[in-house]
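What follows is a short report on a single structure.
Which chain is which? They are A, B, C and D, in the order written, and residues in each are numbered from 1.
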Amino acid sequence: MINAGILGSTGYAGAELVRLLSSHKDVNIKFLDSRTYDKEEYTNPYPHLKNKLDKVCKSINIFESELLDEVDIVFCALPHGLSQDAVKVCISKGKKIIDLSADFRIKDPSLYEKWYKTTHNAKEELKSAVYGLTEIYREKIKSSTVIANPGCYPTSILLALYPLLKENIISSKGIIADSKSGVSGAGRNIMDSNLFSQCNENIRGYSIGEHRHIPEIEQEIAAFAEEEASIQFTPHLVPLNRGILSTIYADNKKGVTQYDLEDIYGNYYKDEYFIRLFSRGELPQTKGVSGSNFCDIGLKVDERTGKIIIVSAIDNLIKGAAGQAVQNMNLLFNLKENSGLEQMPLWP
Amino acid sequence: MINAGILGSTGYAGAELVRLLSSHKDVNIKFLDSRTYDKEEYTNPYPHLKNKLDKVCKSINIFESELLDEVDIVFCALPHGLSQDAVKVCISKGKKIIDLSADFRIKDPSLYEKWYKTTHNAKEELKSAVYGLTEIYREKIKSSTVIANPGCYPTSILLALYPLLKENIISSKGIIADSKSGVSGAGRNIMDSNLFSQCNENIRGYSIGEHRHIPEIEQEIAAFAEEEASIQFTPHLVPLNRGILSTIYADNKKGVTQYDLEDIYGNYYKDEYFIRLFSRGELPQTKGVSGSNFCDIGLKVDERTGKIIIVSAIDNLIKGAAGQAVQNMNLLFNLKENSGLEQMPLWP
Amino acid sequence: MINAGILGSTGYAGAELVRLLSSHKDVNIKFLDSRTYDKEEYTNPYPHLKNKLDKVCKSINIFESELLDEVDIVFCALPHGLSQDAVKVCISKGKKIIDLSADFRIKDPSLYEKWYKTTHNAKEELKSAVYGLTEIYREKIKSSTVIANPGCYPTSILLALYPLLKENIISSKGIIADSKSGVSGAGRNIMDSNLFSQCNENIRGYSIGEHRHIPEIEQEIAAFAEEEASIQFTPHLVPLNRGILSTIYADNKKGVTQYDLEDIYGNYYKDEYFIRLFSRGELPQTKGVSGSNFCDIGLKVDERTGKIIIVSAIDNLIKGAAGQAVQNMNLLFNLKENSGLEQMPLWP
Amino acid sequence: MINAGILGSTGYAGAELVRLLSSHKDVNIKFLDSRTYDKEEYTNPYPHLKNKLDKVCKSINIFESELLDEVDIVFCALPHGLSQDAVKVCISKGKKIIDLSADFRIKDPSLYEKWYKTTHNAKEELKSAVYGLTEIYREKIKSSTVIANPGCYPTSILLALYPLLKENIISSKGIIADSKSGVSGAGRNIMDSNLFSQCNENIRGYSIGEHRHIPEIEQEIAAFAEEEASIQFTPHLVPLNRGILSTIYADNKKGVTQYDLEDIYGNYYKDEYFIRLFSRGELPQTKGVSGSNFCDIGLKVDERTGKIIIVSAIDNLIKGAAGQAVQNMNLLFNLKENSGLEQMPLWP
């Protein structure tokens, strides 16, 4: 059994981790950290687990807690800026850690500091962190100690772009990603813009050209393409709970055909359990992945305009957060990669 | 391995059966009947199972098909009126059958004929059918051949009422059940009243005092109470995909207290895996059961008015249809009752 | 021109008042009070009025503000407990006031204090307040100074019950009202239970037998029936922005027929512009009134059970709050009763 | 009084016309054509107008009906392909006609025939039709007989692009428009993809690079820019009733600043009642225009990427269909342009 603890267990990503890990046959949850619900039953804020998870939340001081000694791995679902200390302590105690925040995703700390407007206090640890986009960095992940679990938008965009960039079919500059996200992506944060009546019957874009996932996406595009990268990224909020749909536009600089494109993606992804390719005419939709760790990808060569359009769909809380974290944990502990993640999507 | 076939596999209840059975480790799906999608890939109408279920739909003639010989059990998710022949054929071939339609729920065929406005052509077979409300009729179900899987509304109402009626705390007459259902309860029927724009941002009642689930509910109330029964039942359509919330009102004829009530329900249900009781002040909500086979029940004694109010929540497609069918199958084949049904609800 | 000021103008009910009054040809808005958005453009929190309402919010001290001298009427959309001072000041200055809070609805101050758990500091002024259920108290309203605008749930329930009680067709005790409300009814309050992801894909009941609208509803039932009253009232939250549907159950003690019932309601309401009756078989739905001041009412005599069921639908922010307030203002100033309220509902 | 008739009055665009015209003080509705609801009360399918619109639908044979002689103007909300005969008859009788279908939008009939896969049988009449994008073609519209009312997506995209193209700030080629639409855009068509349970909790793209609005958009871009045009257009379906948000990407070929851009749009649109510009940082959202004829536009110069992003929001049934049609009618009859369209958006 793997003993696991969760820091920040009562946000939506944390709660999804709890749901997945509590059903994972090889995992034993040792602690559920929460500042907001300290000393409360976990099922007070999350009654869906009533009777099936008998645990009390505890606000943990990472420097003092002996609970850390009891676990093999820590999942850190704290807000950005708060996981650096946790990572330091885990490393010092020889524990694996999967960090769901952005703190260890961006390899250049000055870039992190610029976009996140805070200093980075674990620059040394940052060097050893592996970017946990499982399908791409599988081998590195297996032997790492600190995994920086990717952001939800980046996951949906990078898996969609990887074959195109590796094959040099599109340029690493000038890509446009127009993403639409369900509201759970904003977390369980109690703020005006997350209210039902503000979000329901509404569509809006936000942070155009300024979203913090931009440096993360560009870093990986550059890594895939082995040259400098830039992306125009626009997130939108749409009225559903779960799901991200990313529609990605790039110039078809080599003039590949629809047939070529499907062939190329097949080569890259045909053995991937969690990536499902849609062929000509078919497009993925978020309902098709809701409640699962799948990433569905559709492809379109528009001969009229000379553009390639890739559409990808994920469940933002699973493949975009907790599910990919479990997938990474499975790699770390030599389990079947889909262990605890076999659940099929719900339709409707 | 249990070999199973599904008649009517492309309605929403059928599709939920397919999802559950395809993940059930002891079940092998042998055929997926569908008139609408005959000869099409099952994943055309249900892309959420893409790559994970490689089956083609087939329109089956129940009288001729040899496919029936290959299975141990048939799930029948056909519209009302169409499962009588299927049951006859299954019985004649010695197959178990779980019928999700109303055809075998109502023991008095004349009552069936009155409410469903059609004749019943399997009156003999009706006699041997067992009403598949698992928690109540568990022992009978184990040894039955034909199981009449309960309706979604009746499941939510009857599990909520059972202890009250068995203990004679309320009268079997004059009960009011005000139920609210998500739109998937209407199935994947292509009709004006199921259109998104007609249902979204709308609440409406329908079939007040005339809904076909009324005789089914009254039959069971009478059985529990061992006297004649009547119910005022009002279903409402509310804009969500999954979930039924039933709010049930009855006179507290014996003046039980809140404490008594919780105690009584605890006695009846404390060992039930799928029934979760909420104690004082807490109320169930549909989100807490969404995607699961749970039935959550909340209790309220209103001393001011002399009434007892019971609130129950289920996922209409799971505990209200396919999940309870699988639960019944597990009983029939001596499997753990929650086998294939361990999935926790999704929140949010 | 009527000069009007609004206290508490940036909650949802306040904002709806602003929208209605800004389009009312006989009204001139003089001030928009808001603590939260003091000194901000009103269109910051409410961009739907951008370019069409050029006003800045102001946090007003009711005791000192000279703005009060400039107006003929004050609309008070402050939270419960905060409008008592406003009413006192308005009376002392000879201004009309329409209070959308509960502070002046309940004639017995001890009942108010019991249910609202606060003291009432304007008991003298309470005596002269008129309950602003327009269709019922039209004549009294015309000559009043302080109007206590009814609650949203009470409006939907009381208009539905009035003819039954006046005609003594049902008892004033034992009525059950099961109401379903959109989330805007909870206001623009920034709290966990109002978050999109908590409300969407969810149905839940709350405050069963304990909701503060109970004494208000019972007071009016007693007034209509001229005897003591009790109601079992259960509100539910359903995932839409606007709309209340109330399903009301009572014993048909005189055995009226469906025909009688429609006839009786016709007699009471046939000349009411804002009340629309549905005849046999038809039921109202919230979409049919959304964005309007209508109250739609459907009637059902269930001969099988001996019950009468009334279903009513309103837009909670209009007939349930701001619209009825404007309707009352129209009466106070001898305008056409539907002035500024002619807008038809939006479908879909 | 203007006497008006509506062909195809029971689709969603037709129904919105009925709602707007029935409240328009200068308009008298003479007939409501409907094949589906022939001889039925109009309020059967549209109960929101109950008691306020006392008219019966009639299936009209355009060639024989004498009703045409009674009207000054015909609104044609028939499906594509069916309005060509209507236009011919109206012209022959000297009636004005506003056609909401695509039949008269595309000036090159061969292009129409290619994208709509049908022949065009009114090529002569096509020549005299004016494209009814009111703000752009106001003068031409005033004196025209046949107005081709623009599509919903084109309206949202073209108003957003007009100043950029007129000022030659962006190229007429390579523009990307990523649009998100509420489900009412698909009309009240009874088909699987419009079902609530298929659309709710879902986002999907469709017709990428193949949508029939493409030639219409490109025609107008070319007209604005006075050179050949191409657009990459991707529509998406999101789960709300009303609203289109278009996010439009173009290269900032002249390096204009944010300040310049706001200035330019101000010059073009400052006197337009229905166009509202958002300045730096603020972005439009569909809720802000819902229920109104406004088109809200936000602007963003991204200096990091060298792109200009324009975001526009409309209510697809009003500015995207019926509202713009009424706006055009007002022009034709020398009424105030916002007559009958003064209604403010609803929030929330």
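Everything that follows uses one rule, which is that contacts are C-beta pairs under 8 Å (C-beta built on N, C-alpha and C of every residue); 3 or more make two chains touch, one makes a residue touch a chain.
Quantities reported herein were computed from a predicted structural model and do not represent experimental measurements.
Visitor: Counting C-beta pairs in contact, which comes out ahead: A-D or A-B?
Guide: The comparison resolves to A-D.
Visitor: Suppose a student superposes the Cα atoms of chain C on chain D; what rotation angle should they report, nearest 5 degrees?
Guide: The superposition gives an angle of 180 degrees.
Visitor: From the centre of chain B, which chain's CA centre is farthest?
Guide: Comparing chain centres, D lies farthest from chain B.
Visitor: Per the centroid of Cα atoms for each chain, what is the distance between chain A and chain B, given in Å?
Guide: 36
Visitor: How big is the gap, in whole Å, between where the Cα atoms of chain B centre and where those of chain D centre?
Guide: 45
Visitor: If you average the CA atoms of chain A and of chain D, how many Å lie between those two points?
Guide: Roughly 39 Å separates the two chain centres.
Visitor: Specify, in ascending order, the residues of chain A that touch 2 or more different other chains.
Guide: 12, 182, 184, 197-198, 200-201, 239-242, 284-285, 287, 290, 348
Visitor: Could you please specify the touching residues of chain B with respect to chain D in the complex?
Guide: 12, 45, 182-184, 188, 190-192, 194-201, 239-241
Visitor: Under the touch definition given earlier, write down the residues of chain B that touch chain C in their complex.
Guide: My answer: residues 174, 176, 178, 180, 182, 197-198, 200-206, 208-209, 230-232, 234, 236, 238-243, 245, 247, 249, 283-287, 290, 298, 300, 302, 304-305, 307, 309, 311, 313, 348.
Visitor: Quick one: in the complex, what on chain B touches chain A?
Guide: 12, 15, 19, 22-23, 46-52, 184, 201, 241-242, 276, 278, 282, 284-285, 287-292, 296, 342-348
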